[in-house]
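As structure tokens, the structure follows; a few thoughts come after it.
We call the chains A, B, C and D, going by the order they appear; numbering starts again at 1 in every chain.
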Amino acid sequence: MHAAATPVQFLWLIPVLPALGVLFNIFVGPRAGRGAVNFVSPAAVGVSFAAACYTFMRLLDLPHGAALVQDIYPWITAGAVDVHVAFHIDALSAVMILIVTGVGFLIHVYSTGYMHEDPGYARYFAYLNLFTFSMLLLVMADSLPLMFVGWEGVGLCSYLLIGFWYEKEANASAGKKAFVVNRVGDAGFILGIFLIFWSLGAGTHSLRFTEIAASASKIPPHTVTMITLLLFVGAAGKSAQLPLYVWLPDAMAGPTPVSALIHAATMVTAGVYMIARLNFLYILSPTSMAVVATIGALTALFAATIGLMQNDIKKVLAYSTISQLGYMFLGVGVGAFGTGIFHLMTHAFFKGLLFLGAGSVIHGMSGEQDMQKMGGLRAYMPITFWTFFAGTLAISGFPPFAGFFSKDAILGAAYGSQYGSVSLWALGLVAAGLTSFYMFRLLFLTFFGDCRVDEHAKHHLHESPASMTMPLIVLAILSLIGGWIGLPEHWLWGDRFGEFLAPIFSGAHVAEHVSAGTESVLMGASVVVAAIGFGVAYLFYLVQPGLPMLLAWRAKGAYNLIFNKYYVDELYDLLFVRSTVALSTFFWRAVDGEVIDGVINGTASVVNANGSLWRRLQTGNVQHYAISMLLGAVVILGYYALR
Amino acid sequence: MGIEVGIAAIKALIVILMVLSLAGVLGWIERKGSALIQDRIGANRASIFGVAAAGLVNTLMADPLKFLTKEDILPVRADRLLHTLAPCVNLFPVIVAFAAIPFGDAITIGERTVQLQAIPLNVGMLYVLAMMSLGVYGVVLGGWASNDRLSLLGGIRGSAQMISYEIGMGLSIVAMVMTFGTLDLQEMVRAQGHLIGGWLPAWGILYQPLAFLIFLCTGIAESKRVPFDLPEGESELVSGYFTEYSGIKYLMFFMTDFAEVAVVAGLVTTLFFGGWQVPYLMTDGFHFPGGGALLVPRLLVVLLQVAAFMVKVLLFCWLQILMRWTLPRLRYDQLMRFGWKGLLPLSLANVLATATVVLAIGGPA
Amino acid sequence: MTLVPIQLYLILGAVLFTIGAVGVLVRRNVIVIFMSIELMLNAVNLVFVAFARQLQSMEGQVTVFFVMTVAAAEAAVGLAIIIAAFRNRETVNADELNFLRW
Amino acid sequence: MIVLGLGLLVMLMILSLAGVVVVGGIDLAGLNLGHVVFALQASLMILSALGVIVNRSPIRSALSLVVTLFLLAVMFVSLDAHLVAMLQVIVYAGAIMVLFLFVIMLLNLHEDRPAMVRPGVRGFAGFVGTLFFLGAVHFVMHPLGAAPGAATVPAGFGTIEQLAEQLFTRSLLAFEVTSILLLVAIVGAVVLAKRKLA
């Protein structure tokens, strides 16, 4: 982002439109009725998508690596701080706003169908628009503080939407869990911001990314490491990486479109975006890069293994999301920022698609989420099935579908870049295999085999309305061909996407010392792995349905361990929750109850006694007061007279 | 110094005599007037050689004599001091108020000019208001001091009524003050001297007809005469706050009544009917619109003007007496409603309108 | 003709003020106390006008104007309160009107 | 007892007036009409003011207060404050005091016995009052010497024009606020005095 910045006047439109949608939904929505809401909310996002496209075109007209900026107004000007509310659209944020508004628009449309009989539709769409607004703020912000506002905004919306059906205790607590875990991350994030501000030294700072980039080299290495690690804590919290991933599976309590938009396509990728945005910092600290990459790779594998055994269709997708996010971090961690963003985009397509497909299934099954009770659905909901199939192919990394290119590029970087290593590549590869396995397991259990649906549900098992299937189809197409804009270098037109983003990451020169031969070998490996995953799944769930049970019985320990998600939640409960509760109880009983209340009540009683003593002065007879007034006057006069 | 004092004394004397004699005359006029209206002969015993009009002289002497020779009755457990004080307090302000009313133009005797006005004041209008506002004490005291419930009721009624109507009166006067741009009565009269369009005398009523009506009403109410005479309404309170009075004290109340009539008439004349101004009569004589002129010596001019003033005052006294015998009495609630909900808003509106106009034409008339 | 030194006016003001103050303190009848307060106000008015004359500035008289206005308002409200109190307690004696007692 | 205390007070005051005449360096030879008139007014005012607080019957107190105010108005005239004098009569004598009389009549208050508070309190009050008065006199006498009042005042001093100018330029805000105060007072008075708010 060193290239020329062109000031323009229309950027504000993009976030403001959803904000207007929020106002509409809050104040007129409930009275205006379902029809109006169903029109206005998607329309708001749609128009802002159009605006985003326009912005994108403008950006393309400009020389390579330019940026569009708009300074709205000075926000915090105090002493050394001079933060403006200003928007900065370069290649990176352009891609992001396209994803956010585009996918967001599709999911809004989908929601009109999905929520069509929910009483709280106005509230729902208010939240959804608010989320879009905050997310746009996050990606368009040109300074860390403003980004943090969006960051918190999306966190809030996620909390609100996870607990959307708060009548159920579980949902509410899931929302709380997400919020609390995110607090941990955000604490790291804001500390990182403070540290940046502090390390920038004297003079006023706008904390613009440009400013930080300009003076990044002046920050001592250790500080940089500290900063980047703190920021990564934030990223890990928001993007559900080890060890802060625990909230995301529970977040599936929210409506499925929400899971698609927030917990698959956009919000959870904020961490990746942030790191890519601050690549010039990360690149300065090999340590942090290593940490990011390792955490990413581990998460990818770890989440994948858990995904193997889940029976809740959405839980599987949740863990898959975590593992895919792990991939993105692996990508940015090994310095392939562009690739990470590329995977972010493709993932937005196919994971959004998968979630929406799952939503469609759940919708058709009238709320049933357990795959054990499904099966053979492809007869009942063909569109859902085919689109879902496309998504599965894309995520499992079969060529020539979107997932293949992005994931493969990441693996290549992991193997080849100066930050990467064979072990990282191996981890990624295994995870890829597992991914393909659990995805096909999901596919087979849901759509193939004999139908295990109970009669009641079966009775009105139906394909979803057009409002839901249309987005599915669009996303399916995207997940099939979406990857072609980022082909490997020496293929047809090469890596357009990478070139487009390149100027942003010009600071990070990643030496790709991989010969074409090695690269094709790597590709082959990942394809083979994906194929194996598919094969195993086929064997387990279509040919020999008894096999998994047998296996589970043989390796009981491992099975239980994984089935119970490695007991991480229980561990956290023990470590943090219980200890906190105990400590709080102590402070409540002993400190607050005894000491503080004692002091307060003591004061009160002293005052009380005093009052009952002195109130006898108040005879209620005016003349007594008057005489004392006159006495006072006399005393004053006397004082000045005899002085 | 001495001479000034002398002149002042003379003027004061003139005014007092004027008021008192006028009051006496009015007493007679009222009888005859009422007789006229009620188709009676009226006071006809005190004639001289059968000339009824000459009876006026008798009346003027007979009435005071009668009252003076009557016994002065003091009610039981009445407050003697206040009971005596009341009529004086009642009469005093009225006479003093008259002192600020100019009855003629300035005349030059030798080297000093004398205003034909007992007290030349630059705040004369306010002075008159102040004095009239003092009038209420006589009523209140009379009612209180005679230790009698009818009197007390009369007194309370009187004070309430006078306070209420003072406001309307004050506001109507404010409108006049705006019109002429001065508080000095003499100046006001002078301001009414010129001619509108060369032929129409610029009298106050032409500028402020509404203010005139309001002032007349409030004036009559202040002097507690029909239709506002509830404080002394014979039918319910024998004669209100001076029920318990007799003899000379009663005479003083009686005089006050007519003196007030005279003062009101004088004020109406001064404010709305050009005071001592005679149409077309300038300082040196008549100048008619046609262009004809009839020069008159200065002294005669002044005398003419004084005479004009007298005539106008008498005219308005007569008008009030006519009302006295024509109109029925209001009910108390009607009285209050009329004062607060009728005259007050009207006069306020009038003030507002006047202010607007004055602002528009950029200065008083 | 006024050649009276201002001190005389000030002293007179002080005298009136003191009388008023003592009246407030010694009388039982609330209305009379009220009148004494008015007396004190007027003592101050006198001083103001005297100073206005002395310093040849209208400030003092303007102040007096405001004092009068406030006094009028005060009288209206105060007398209303007295009437209300009289309705409750059938008395206007300050030492019996102690509503605000502990 | 009362009479004694108040008598003392009066003597003290008249003495102090005399004292001022002496200390103020006014040679009695140079006495002019102004002084005489002032002495007359002053003594009358003091007497009537005393009347306010010694009279048993409230209505008499009210009347002597009216007299005091009237005399005060006259004194204003001699201080070239004609307008204020007129306002004094109209507002105080004409309106406020009538209100007082009206209320006294309404509550039908005759003589209050005892008119005064307990002797002890009374004496104490008198004492404090005297102290206060002495203090006041002390300050009147000290800072400014015997400055004789200016013989003449600028033309139009104390006329309505000047007062109005002050009022509508320097003290406009105060003026407006006062008008609001009056409005509030009216409403408050009505609310308080109404038997039951219909």
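Convention: a residue touches a chain if its C-beta (ideal position, glycine included) is under 8 Å from a C-beta of that chain, and two chains touch if they have at least 3 such contacts.
Computed from a prediction, not measured in an experiment: that's the story for all the values here.
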item	value
A-D or C-D, whichever has more C-beta pairs in contact	C-D
Chain nearest the overall C-alpha centroid of the shown protein atoms	C
Most distant chain from chain A by Cα centroid	B
Intercentroid distance (Cα basis), chain D paired with chain A, Å	81
Distance between the centres, which are taken as Cα means, of chain B and chain A, whole angstrom	93
Centroid spacing, where centroids are CA-atom means, of chain B and chain C in whole angstrom	34
Centre distance in Å when chain C and chain D are each reduced to the mean of their C-alpha atoms	7
Residue numbers of chain D (touch at least two other chains)	83, 87, 95, 99, 106, 117, 121, 125, 128-129, 132, 136
Residue numbers of chain C (touch at least two other chains)	21, 25, 95
Chain B residues counted as touching two or more neighbouring chains	none
Touching pairs - complete list by chain label	A-C, A-D, B-D, C-D
In the complex with chain C, residue positions of chain D that touch it	2, 9, 13, 16-17, 20-21, 24, 26, 32-35, 38, 42, 45-46, 49-50, 52-53, 58, 61-62, 65, 68-69, 72, 75-76, 78-81, 83-84, 87-88, 91-92, 95-96, 99-100, 103-104, 106-107, 109, 112, 114-117, 121-122, 125-126, 128-130, 132-133, 136-137, 140-141, 144, 146-151, 153-154, 157-158, 162-163, 165-167, 170-171, 174, 178, 181-182, 184-186, 188-190, 192-193, 195
Chain C-facing residues of chain A, complex	615-616, 618-623, 626-627, 630
Footprint of chain A on chain D - complex, ascending	117, 121, 124-125, 128-129, 131-132, 135-136, 138-139
Residues of chain D touching chain B in the complex	57, 59-60, 63, 66, 82-83, 86-87, 89-90, 93-95, 98-99, 101-102, 105-106, 159-160
Contacting residues of chain C [partner chain D, same complex]	1-12, 14-23, 25-29, 31-32, 34-36, 38-39, 42, 45-46, 49-50, 52-54, 56, 58-59, 61-62, 64-66, 68-77, 79-84, 86-87, 92-93, 95
